[in-house]
């Protein structure tokens, strides 16, 4: 049958996802007898952020024999700061330029967005729900980067595993619609899930959230860990006033132990407002997964030991005391 | 050793990149004896654009036995328009919701950005140079989507192949810096590359672009297909005035046959301006590869033949005469 | 006991609500033997609008013996246009200047706002619900002016009567909260109200509006004339999407005859959007009742037959062919 | 003959200015045997301001037997703060909801605007000249509220009386135009008015203000208390430079005792600027009288002792320690 | 004694106002034997406008033997359009580059501003009153350029003469203040000035403009040609409302023949508004005299017959069919 | 032949550049026997700035016998502050009003702009290159005023001399284009110029600035004082990044002694940025020479010892302790 269009690890390692000009470069340098020229390359970032993707770069370059220095995974870097340096014969790593930059640019973009959510949420829980906006081949890359940036967990199975965690999540609107009643689903969830699984119930499918939250709390009692508010824009979205009122109605009815998980178009600004209103945890989607990549540039700064640079850049190695040898 | 973090085709097909709640959903529905419930789901888009990713979705669902209707690959869709409909037992496709939405959201985002470049460029050539901003696992997905959207070619090897093309590209600054002189590289390129490969030379590494363009044209003559302008921001970037002047100086020296390829931070607006100034082709990077995904939402609209919807949506199947049966 | 602070008809006619300077003016002119000086005064408006209040001015001046010309009640006037002219001995009407200007300024402000709602609503029904923002002494003045401007009805009893209509309205949230269930109230309403009273039920007190609308429709059937949406800002207010969905759900359940009355912060812009979404009538509050008065100015333009004016104004009578003799 | 359209005290007390739905409510509750249900209602404000109208509400509710708590007349309240609480059988006060809210909303709007003028004027005199923008039935309500908010006096006779003051004011342009010369009017004023009435003369009717001020000062000498500047927009309005110059010319001619009263489109910002330039008192019109009402909302928060609230509000009595029992 | 700092014609012709680098250039070219090199230079403008200063450039270059082509004096030119071309041995005209560019830049700036006033005024009279904002050495240059641009006259004696006109003007505030009364000055003006001099009287020195205009008209009758309004900002400046009222009061008193000349901060926008209000002529000051110079650039485009240009410009002579040979 | 249009010193002293109304004024006052009236006039500024032009005013008034007080040349004055006072018979100085105001307005405008560049540049060198934007008759006035304001030098010969300095400057693009190579010109400059002249070479004519700077440095070595960057807008202009890179490349090659002079569209903001990036001196053109004049107004404030003023101004002498007697 047909294949998916994403590249496998083997295809990437073999250089199949590189820009064609690095292949041409290798041929020309060979023809000129310059393919083994020792060079030093530096990678710097177009804007500040959190570095992510270093272990994948290490995997890519592990067998090439080049020397690599890098900022640590998860470190904050400044605009134009050098985040990685590679030294060795050019033909050992030139064909990986496209892949290395792509890994760092996209992973750091995701990690940086997660960091901003982390800061907005203080000590409260941030979970990445963004897998549905990216291709499944990179969903685990994205979720792992989000955890590097500061998310507490992720909903995609492989992404959570790669970060050494269990995936987290509740139930979608679909199951509610198939069963036809939120309370019935909640009871089935309680019966079916393994002992210890926290019961979190989505309460905006059929009824006003405050009403449904109380219905569910009445049947599950102490077994209800949290309710989830994911109110659609057509009903005003999740607002501070909604969170405050649901909190108050739960408390007045004696359900102070039930936490409130919010989701739907969250940004750092909205996380902060909803947290002040009483939300306990935050499911963040497109703010993380749709974050723009952070432009990464690789420049040759030395060729056979002599400082070089193209026009517009300063020749020679940039002093970067925070870099650490990783290969 | 270590693996890359991206998922293989097999992992995706096995549901490893799905959100955990679809797994839970399956278990609960089974416990309730509802797992085989016949449902109809619709996918609609948060903003208008070009649909891409349909073949991958077809690959995913091919063995499940569900019926699928879709807009054709490459079709323009409106805001909130239904782009795909799936009918069948819920447990046959529920676990693929995350993957399907991710494929369509990211591919359509890329295709739509490429379409806007296409429209700005009129009949001139647009090439996707954006692989360096995305993870290598999806670089081919992105480049194929760009071609669906209207790009004429792409630089990444696997991406071009998947779209049935040869990859296109010239040479990076790195080879210039290793060799030390643009003209020498140009001559080596001419000698080394197979007969028929168009010779395109990057002219902003060492010297003023107008001066370097003339130096290269003088040695290659009729063999020079194009020069590439990629002037860095530190030297003012590629501007209409620069393109006009280089064109005039080439023409005055008799090199009317030499085309001008421009790159560097291109957007549809800049493509239009540079095209008017005389540029012949356009290498587009982050405008395409950094395009935001187009939010896709899947809603159940019928359960066992009866119209349903969550609060905020209109129950029942949306009339969508443009959908075509694909499975 | 204590009185309310508003003035009675008698107090107004006696000049008790005039600015003190008109009293002083009368005394001084008398002392100078000039109190009977024949003058012509003109009233013009600071901005364009709908004229209202003419009958009250006529009542005020009826016994004074002066001649009065006016634009008709309900007529559109331009910025700086003369809307009324008074001719006669100054001491017959000077003390009413404050009252006349106040009547015209406030009434025209309300009528003009109502006209804009009228235009936004096309042929659909606009009802004034604004009594709660103005002092009860002027609530009937305001509602009558709204009807002059184009409202189809008003909720305040005396206001509607003065405009020759029955007051219109449904039931407040209070009765819902006292009874505890919307459906029970709806049934009582149906039983209690005189034959022929249209049954309109407010559906946002306890439950999601779509759910509550269907519950009420199921018990009242053909007897339900309309449901009213007045969703609070904390639940997103009344939006086009909400109206569309409630309409669709009512129609799918066979209640096409049930109309939708919307209220809550309506403006001409929102009226237009909600009308397009399917709303049938509009309850407008503060947009009408909180409308700013339209500044009215009275200038003497002739004294004993000779043109005069203060600095900044053009002496003599302004040609105003649209004025009609009313006294 | 005809009546004015404003309601008398008796009509208001009889419930004729209420919204019709409170009448219907009473009938339905009676039919259900629920009319005597004990409830607690709270009134809160849409934006912050100065509370006014409490004595009128007290008058309205005095005979009903309900218990009432309120912030004191003239107190500052915050956004959404509870300003009044009513407890008792619903049918004793339900029909007054419209009137109570209207009294508080409009009176507090006026008082709040006056307070801002007060703050801008520091220790200098602020007089309300706004009667000409409101219906004469509420002119005294407005002026009394302005004095509650901080105005030093008002020009409307009944308004001033209700606030326990004498009305204040000078002479209008009309008397100048009838007599034909400002100096002649000034002399007549001096002769005619009772001993002790401060002589304030308007100086912008015929001549440049500085010239006219000196003419009047020369004939009245020590008897001239103040001149009033009310320059029309067509002559640039009253500006800081005009005040400064008139002050300087009066002082150079030895009339340091003559004060300057300014009027015409004053706002807190303009009061502050004109005060710095040397103005001594301020006649404020439409800024106070055209102030938007402050939206007041009445919510039932307890029914027969149990906390309730409609969707969007938090059930139960809001802790409000600043409220004081008034009935 | 001391001299003024402005340069005489002789100093300018001798090259004393040139930038020092042209002197150095001459020495170096002589030392290299290149001083007689034949070159072609082009002058182009940074923004569009009206060309002025051509006769002075012709005077400067008349004896040098070079060939000169130019757009005609008073012609409209576009942005970047070539306005002048000079061909000949470089050392014949190189030292005049600074002077030529300065003449064209400042004169064209002034002429362009005058053109915009001309267009705003339609067929009405525009007079340049701007001498007081520029150094007296260039006042005549400025006024002549204003007339080239479209002004009807100028107030500075030498400027008017150079444009072949008589200077125009009325009387300043100073004479009013010395004499102490506008009417007395007007009578003296009528007695003293030669038969046929139009009598124009400034009416804003002491009294309200409308009052003073009528006083003057009453004593001069048919001999009064115009009054001038120059109201200071402290009195609101000259506004459309003021012009309309003065026009109306003059007409009502039978002085339809008296024209209205306005001045004070005029711009094309204000000219248009005041013209519509009835003003007959316009005295424009700083809008013309404070106009920014239009940047002019001189580029060598041929050296000994071969196209040249510095980086950023296109080599060779620009096709410019509108240029005409002037030397 | 033809003359230039600028006025000579003699023409200015003879009153030929005055506004015609001062001539008329003199005639009328003579006819009334008031020409010798003793008056006091004050000159004040429309906005704050640096006073320049005082010596020229002194030259103008030296023989008239009037008394003059002034702020010192180069002093900072505030908005509306009196900068000069003249006392004496009006006919001795009235005809110079236009010239005096023009001198002070334009000179102070230039001096103020130069002061802002001075402040932006700190201790670094600012040179005025603006002669090419003004008429050559005032180029020396402008450059002298720039030096009064704080410029270190000027390029125009007469301007520099009047300020007691040698003119400064390098070589224009013209000489480069005639010779055809920057290095050849640099060598000729070194050979030809007198011992001690600092060698400054413009490096943007043919090649990339960094490349050309190194070529010139290699041949001149220690004799190269500075390179000048004047990059045209078509190549991105002179940016901080360009300055930094050129500085770095010069330093890496051992040319730390070579300074960087920048020019081209400099403003105080750009001076500050380029200074931080490493520029050593600044050639400023149109920011100084195109600065708007600072409006100066002359008011009579005393006539024969009595305070006067036109409407809008305060009569009598303004206390101005900073004024000093200069005549």
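By letter and in written order, the chains are A, B, C, D, E and F; residue numbering begins at 1 in each of them.
Everything that follows uses one rule, which is that a residue touches a chain if its C-beta (ideal position, glycine included) is under 8 Å from a C-beta of that chain, and two chains touch if they have at least 3 such contacts.
No experiment lies behind these values; they were computed from the predicted model shown.
Among the other chains, E has the CA centre that is most remote from the centre of chain A. Repeated interface: B-E and one of B-C, E-F or A-B share more than half of their contact pairs by residue number, and that pair is B-C.
In whole angstrom, the spacing between the mean C-alpha positions of chain A and chain D is 58. With centres taken as mean Cα positions, chain D sits 21 Å from chain C. Distance from the chain A centre to the chain E centre is 65 Å, each centre being the mean of its Cα atoms. For chain A, residues that reach two or more other chains under the stated contact definition are 206-208, 231, 233-235, 241, 245, 311-313. Which chains touch which is summed up as A-B, A-C, A-D, A-F, B-C, B-E, B-F, C-D, C-E, D-E, D-F, E-F. Contact residues on chain C toward chain E in their complex (touch as defined above): 307, 311-316.
Touching chain F in their complex are the following residues of chain D: 208, 210, 241, 244-245, 248-249, 252. Remark: chain B residues 206-208, 211, 231, 233-237, 239, 241-242, 245 touch chain F in the complex. On the chain D side of its complex with chain C, the touching residues are 1-9, 11-12, 15-25, 27-29, 31-32, 34, 37, 39, 41, 55-56, 58-60, 62, 90, 94, 97-99, 101-103, 105-107, 129, 131-141, 144, 155-160, 162, 167-180, 185, 188-189, 191-193, 204-207, 231-235, 286, 289-290, 292-293, 295-296, 298-300, 303, 308-313.
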